[in-house]
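Two complexes come next, and they have one chain in common, chain A, joined by chain B in the first and chain C in the second.
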Partner chain A sequence: MSRLSDGGMIDRETTLNFTFDGQPMVGHPGDTIASALLANGQHLVARSIKYHRPRGIMSAGLEEPSALVTVKDETGSTPNLKVTEVSLRDGLEVSSQNNWPSLTHDRGATLALGGKSLSSGFYYKTFKWPRKAWQTTYAPIIRKAAGHGEVDATPDTALYDKRRKACDVLVIGSGATGLSAAITAAQSGATTIVLEQDSILGGTLLSSDATIAEQTATHWAEDAADALVSLSNVTVMTSTLAFGQYDHGLVQAVEQQTAGSAARSILWKIRAQKIILAAGAIERPIVFPGNDRPGIMLAGALQTYVRRFAVVPGKRAVVAVAEPNARADTIRALEHAGVEIAACLNAGDQILSTQGRLRVSGLTWRNTQGHRQKVTCDLVAMSAGWMPTAHLFAQMGQPLEFDAYTQSLLPPQTDGPLRPVGGARGVLNLRDCIADGKIAAHQVLAELQMHKHLSLTPPASTARPPQGFGSGKGKAFVDFQNDVTRDDIALAQREGYTDIELTKRYTTLGMGTDQGKTSWTNGILEIAALTGEDPAKIGHTTYRPAYSPVSLGTLIGTEVGEQMLPTRRTPFHGGFEKLGCVYQTSGDWLYSRYFPKAGETMEQAITRECHAVRRGLGCVDMSTLGKIDVKGPDALEFLSRLYCNNFAKIKVGRLRYALMLREDGYVFDDGTIARLSDTHFMVTATTANAGSVWRHMRKSAQLDWPELDVVLTSVSDHWASLAIAGPHARNLLTALNPDFDVSRPGFPFASVRAGHLGGLPVRVFSVSFSGELSYEINVPAGFADTLLSRVIAGGEQWDITPYGLETLDVLRIEKGHLSIGTEVDGRRTPADLGLGGMVSHTKDFVGRALLQRKALQKDNRAQLVGLESKDGATPIPIAAHLSTTPLGNGGPMQTCGYLTAAIHSPTLDHPIALAFLEDGQNRTGEVLWAHSPIAGKSVQVRVTAPCAYDPKGERLNA
Partner chain B sequence: MLLIPCPHCGPRDEGEFTYGGPKSRLPALDLTADTQDWHRALHVGRNARGPLTEIWYHSSGCETWIEVTRDTATHQILNKAKGGST
Partner chain C sequence: MPEILRPQPASDATGFLAGPLGLRLDEVFLPLKSLSAAPEVLDTILEFGQVRQTDDLLLLRFWPDVIWASGSLSDPAVHVTEIGHGTTRFRLRGVEALHFLSNYTRADLFAAKLLQARAIRTSLNHYDCVIWWANTRDIHLIVDRSVAQSFADHLQTLAQRHDCTDPLTLPRPVAPDAPDRRG
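Up next, the complex of A and B:
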């Protein structure tokens, strides 16, 4: 074990067992996978994406570019996790990625021997011919050789949740800056939320040996954390990564739940008045030849592993840290761990190369006097400076600006809801960070009028290291995750890909799961050094959420399977279930489809149900129709403006079929308007448009014609609606004991009656979608069961047959009635549908003006027609296209229309169809071809009127 | 995700609303308006950078249509939203 005997923030009392590539290893609560691997002496953890070079753990945070692994637990395996982001749990199976046959002997590494062969654009330049070979040969090989971990294809059994919060002040990050800002905000009484990606508060304080107010930094952090947790106006959320900033103070964060929780993670949407971004800074690696070997780590990460995790990271170290104070701090940490300092490089030294196969074993450099030096080592601590973590700021579109003083991309001054402070705006000194957090909190509190304005001057950002290190020639990595070297960036500049966006895409610099966290600033400085351009003019590519990868499961949350959409059931659902109903999903609805008897196929059931309606009695659920109650002195005027037909003379107790157009003149919806009193109407909308018609009416009433005195109420869910249809419908209505006249003259077609059926309060509408004598009986939804059982019992003598959506469709096709979404598809005028005569010429209405457009008035538009097969027997294929000629094999052919519905009519006992046909209304009797290349069928059909059954509508008045 | 000030319900998430497009003044329904009038009202937008008055329907709330003036460049909401009744 490479662990110090005491110290660190780990629970040595408890041992956690895990495996790495099958090797058993141990760690403690408080460890990350990274610290546990290092404590087990495991530096080599990955192979790089392109060259398959051995890679180790470079950082101690989310910026880790190299050490990606697949982690398996009881819920399955997850690829591409950074070892630095996963808290160690007992029983984890950790495996390395992108190597074959093993991590230590990776055949893919032989590719790397070719050296420059895999430079930028290599694939594009090399695998150009033969053309087909890219798909068949090259791509599969390259995809196998390059890439990250593999997705676990088994269903994810873990649960996820989504929740919301709101607060006055949201503090992101809990280092010195964040804690000081949070305490300042909390003490003023502001509701405060603190988000910390790590499992405990403290940030870099946890790996600092500084003292604050005569306390160790760690104790200061603990005290501050205790103070925050004890305040009722503060919510502290650890293991919670704020990954994106959105409009109006919205921050999205993902909270990882501890093992044993019901959910694996929770997606938080937090709306804050002010956001203090105290996310700190990321250390910048040094670009030098061989800078990617395992054992070469960021200096700050080494301090973390030694001080927070009590890891002994190696035996002999070379320290290459540009900033003098940081250099001293690193040496203190390494010496504390008993690491021998083999050499400490001075600013200006030129690093020439490193040695070692699976781990660094030596480093060669030329000192400022020009002498070549070489030492053996198993550890290199490197640091070229720090880069602010201002990603969440930049995500909103305002660019970061390269600042020569700090040599980093800094957020500009802002008065937006999010304020970068501390390390996130280049303030690195501990005391300055504490002051900056406090001042930023005072500032936002003053803006929220929760504190008086204090004229405090924020501390200046910290100057860059006075001088860096030089570098020799060789494979010097800039982007470790994507294997982008200095030479690749140079090549891109030489080949003309000089724009920063092009450089990124040509070289893949800054792509991948780390999105260039450790590489971007170095990339800009490399381009500047190569081209002599001012780094401030190079700019940066677009920052987008997520800051760090968020799993799809987290984003989806609970919206999977049956939880994806609400399932709506009509009030008759339970009753129909007892009648043997088979259901189908129709929009949100679970709708009755058909009612098979024992041994019946669906086709047999549909035929039986159709015959029952045409010859005897059937009943069907109509509850999903939209029902809108329209009341007020101007109700008739309101409806008259909305619908295109004229119904000004509609009498109380009567109803009309009505057609609603969109503003652009196309048909929107159809329904019935029933007049219940002078100033009271009930209007129906189709199931599919129930929501949109309601919304349209609300808009008209509220915004377009506020002068009309009308009140709208959606009563769709309040009424259960059951239609009884068939020659015996009136007999059944009579048998249900109405307290109103239901005789033919007393209750004619297209009427409405309110009253009671055997005591049940009802509204009965004499309307018909089936073409038979029919009554839609509406009862308050709570009476649905009672109504259904009375209808079934009362209809028994006429063998009442419940029917569903399938039969409803067959019956309406026989009648040539319209279906929304099939015939009414948003491109039809009333005339196209054979309803041109309904359009009023004496009043104005929505859609009138634009219906007059020339193209909508052309007389040879595609129009609704009926079809029957020419021989009266051959089935007509669904979705066929119409043509005047037989199907040729000479490529595309001229069509003149297409089918919207095709059935074998049970009533007429021959195939019929509905279709849109160019100039169709003038082509009755013409014989055409219906081609369905998909079904492999072509059938000769004869054009008829849309209504194939009872065209005069005599059965309605039976 | 915008935070939309509903005059009836207070500030609410955009997800509760249905977008209704830029506010347009529809021609009067008195048989005088012609195709061009409606074409201009419905199809010809300015698409300007800056303040734009739009209509939003608070579908998961009070079910009223409200008018919101939003800066198309910054998403800043400039008015105190006013809503319909009924």
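Up next, the complex of A and C:
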């Protein structure tokens, strides 16, 4: 074990067992996988994506570019996790990725022998011919050779959740800056949320040996954390990564739950009035030949592993840290761990190369006096400076600006809800960070009018290291995750991909799961050095959420299966379920589809149900129709303006079929208007348009005609509606013991009656969608079960048959009735649908003006027609297109219409269809071809009227 | 003797939700009426965004021109429409009831204004709902009847995602008819 005998923030009393590539290892609570691997002496963790070079752990945080692994637990395996972001748990199975047959002997490493031939654009330049081989040959080989882990295809059994929070001040990050900002905000009474992606608060304080107010930094952080937790207006959320900032102060964060929790992770949507971004800064690696070997680590990360995790990361170290204070701090940490300092490079030294196969074993450099020097080592601590973690700031579209003073991308001054502070705006000195957090909190509190304005001057950003390190020639990596070298960037510049966006896409610089956290600033500086351009003008590519990868399970939350969306059920759902109903989703409704008997196919059931309605008695659930109660002295005038047909003379107790147009003159919806009293109407809308008709009516009443005294109430869910249809419908209605006259003259077609059926309060509408004698019985929804059981019991003597959406569709096609979305498709005028005669010429209504447009009045527009197969037997293919000629082999052909519906009519016992046909209403009797290239069928059809069954409507008045 | 008609419930919610929160969800029929009138008329009855509940009267106003009412209220200036069968009232009880819901509502139920009004029309994930409460552990919710079962199932699903280790949601089950001790 490479673990210090004491110290660190790990629980040594408890041992956690895990495996790496099958090898048993141990760690402790408080460890990450990274610290546990290092403590077990495992520096080689991964192979690089392109060259399969050995890679180790470079960092101690989310910026880790190289050490990606697959982690398997009881819920399955997850690929591409950074070892630095996963807290160690007992029983984890950790596997390396992208190697074969093993991590130490990876045959893919031979690709590195390709040298410069595998540079940027290699694929584009090489695999061009033959064209088909890309899919069949090249892509499979390349995908096998280069890539990360494999997705676990088994169902994910873990639970996820999405939740919301709101606060006055959201503090992202809990280092010195974040803690001071949070305490300042909280003590002023602001509701405060602190987000920390780590499992404990403290940030870099946890790996610092500095003192604050005569305390160690760690103790200061603990005290601050205790103070925050004790405040009732503060919510502290650890293991929670803020990964995206959105409009109006919305931040999304993902909380990783501890093992054993009900949910694996929670996606938080946090709405904050002010956001303090105290996410710190990321250390910048040095670009030099061979800078990617295992054992070459960021200096700050080494301090973390030594001080927080008590890990001894090596025996002999070379320190290459540009900033003098950071250099001294690193040396202190290494010496504390008993690591021998083999060499300490000075700023200005030129690093020439490193040695070692699976781990660094030596480093060669040329000092400022020009002397070439070489030492053996198993550890290199490197640092070229720091880059602010201002990604969340830049996600809102405001770019970061390169600052020569700090040699990094800094967020500009802003008055938006998010304020970068501390390291996130280049302030690196510990005391300055504490002051900056406090000042920022005072500022946002003043803006929230929770504090008086204080004239405080925030500390300046920290200057860049006075001098960096030089580099020799060789494979010097800029982007470790994507194997992008300095030479790749140079090649992109030479080949004209000079724009930063093009450089990124040509070289893959900044792509991948780390999104260039360690490579962007170095990339810009490399481009600047190559081209002589001002780094400030080079800019950066677009920052987008997520800051760090978020699992799809987290993003989806509970929205899988039946929890995807709300499902609407009609009041008859339970009753129909007992009758053996098969349901289908139709929009957001669970709709009764058909009612099969034992051994019946769907087609057989539909045929039986159709015959029952045409010959005897059926019942169907119509509850999904929109129902709007319209009241008031101006109710009739209001409806008259909304619908295009005349119904000014409609009498109380009668109803009319009505057509509603959009303002552009096309048909919007159809339904019925029933007059319940002089000033009271009940309007129905189609299921599909129930919501939009309701909104349209509300908008018209409130905005267009506020002078009308009319009251609208949606009663769609209040009334359950069951239609009884068939020749025995009136017999059944009579049997239900109505307290009103249901005789033919007393209750004619197109009427409405309010009363009781055997004591059950009802409104009965004599309307028909099936073409048979039919009554839609409306009851308050809570009494739906009672109505259904009475209807089934009362209808037994006529063998009442419940039917569903499928049969309803067949019956309406036989009658040529319209369906929203098929015939009423948003491009039809009333005349197109054969309803031109309904349009009033004596009143104004919505859509009237634009209906007069020439294009909508043309004679040869596509019009609704019926079709039957010419031979009376051949099925008409669904969705076929109509043509006057047979289908030839000459490619595209002229069509004159298309089908909207096609069935075999159980009643007529031959195929029929509905179609839109150019000038169709004048082509009755004409024989056309119905072609369906998809079905591979062409059938000759004869044009008929849309209504194929009982065209005179005699059965409605039987 | 005439049959006594009792409205059938819209869901099967009659008991404790899964999970350690000890939340109980019950459906309770509420004979609501929609009272419609000009906003200035309704202002004299109840201010916008407010709820008023007495022993025999419940008033909820979340639309300028509509009040939902249960109980006797006669005013010749308002149009009355029965809507009670089209809405479903749920009662969610438990120490963490309001905290639990606030995790999922678009509105922050603990916002200062709401803690005064104790009522809001908002959405809970994909569900439009009206919420009001007398205290934070006895919450009333109204959704459309057609989504009632789906809504109850959804709350059940959400409750399963909480656990005892959540410091915000300590497991303190409460008996369904336990007296209120806070709020």
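The working rule: the second predicted complex is superposed on the first by the 958 of 958 C-alpha atoms of A that agree within 3 Å, B and C clash if a C-alpha of one lies under 4 Å from a C-alpha of the other, contacts with A are read in each partner's own complex, and residues count from 1 in each chain.
Definition applied: contacts are C-beta pairs under 8 Å (C-beta built on N, C-alpha and C of every residue); 3 or more make two chains touch, one makes a residue touch a chain.
Being a predicted model, the structure only gives us computed values, none of them experimental.
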Discussion item. According to the stated criteria, A:Val711 is in contact with first (chain B), second (chain C), both, or neither; which is it?
Written reply: both
Discussion item. Once chain A of both complexes is superposed, is A:Phe845 in touch with chain B (first), chain C (second), both, or neither?
Written reply: first
Worksheet item: Once the shared chain is lined up, is A:His148 touching chain B (first), chain C (second), both, or neither of them?
Response: neither
Practice prompt. Could you tell me if A:Leu703 is touching chain B, chain C, both of them or neither one (first, second, both, neither)?
Written response: first
Practice prompt. May I ask you to decide whether A:Leu250 touches chain B, chain C, both, or neither, giving the answer as first, second, both or neither?
Written response: first
Discussion item. Per the contact definition in the header, classify A:His904: touching chain B only (first), chain C only (second), both, or neither.
Written reply: neither
Worksheet item: If you count the residues of chain A that each partner touches, which comes out higher, chain B or chain C?
Response: C
Worksheet item: So, A:Arg271: does it touch chain B (first), chain C (second), both, or neither?
Response: both
Discussion item. Let me test your reading of the model: by the given contact rule, A:Lys937 touches which partner, first (chain B), second (chain C), both or neither?
Written reply: neither
Practice prompt. Kindly list the residues of chain A that each of chain B and chain C touches, one partner per complex.
Written response: 271, 711-712
Worksheet item: What does chain B use to touch chain A in their complex?
Response: 1-3, 13, 18, 20, 23, 26-27, 29-31, 33-35, 37-39, 42, 55, 57, 59, 63-65, 67, 75, 77, 83-86
Worksheet item: Once bound in the complex, which stretches of chain A touch chain C?
Response: 159-166, 235, 258, 260-263, 266, 271, 558, 562-563, 565-571, 573-574, 589, 629, 631-632, 711-720, 758-760, 780-786
Worksheet item: So in the complex, which bits of chain C are touching chain A?
Response: 2-3, 5-8, 10, 19, 29, 34, 36-37, 65-66, 79, 81-87, 102-106, 108, 110-111, 125-127, 144-151, 153-154, 157-158, 160-163, 165-166, 168
Worksheet item: Hey, which residues of chain A end up touching chain B in the complex?
Response: 246-250, 269, 271, 641, 663-664, 695, 698-699, 701-704, 706, 710-712, 843-846, 848-850, 852-853
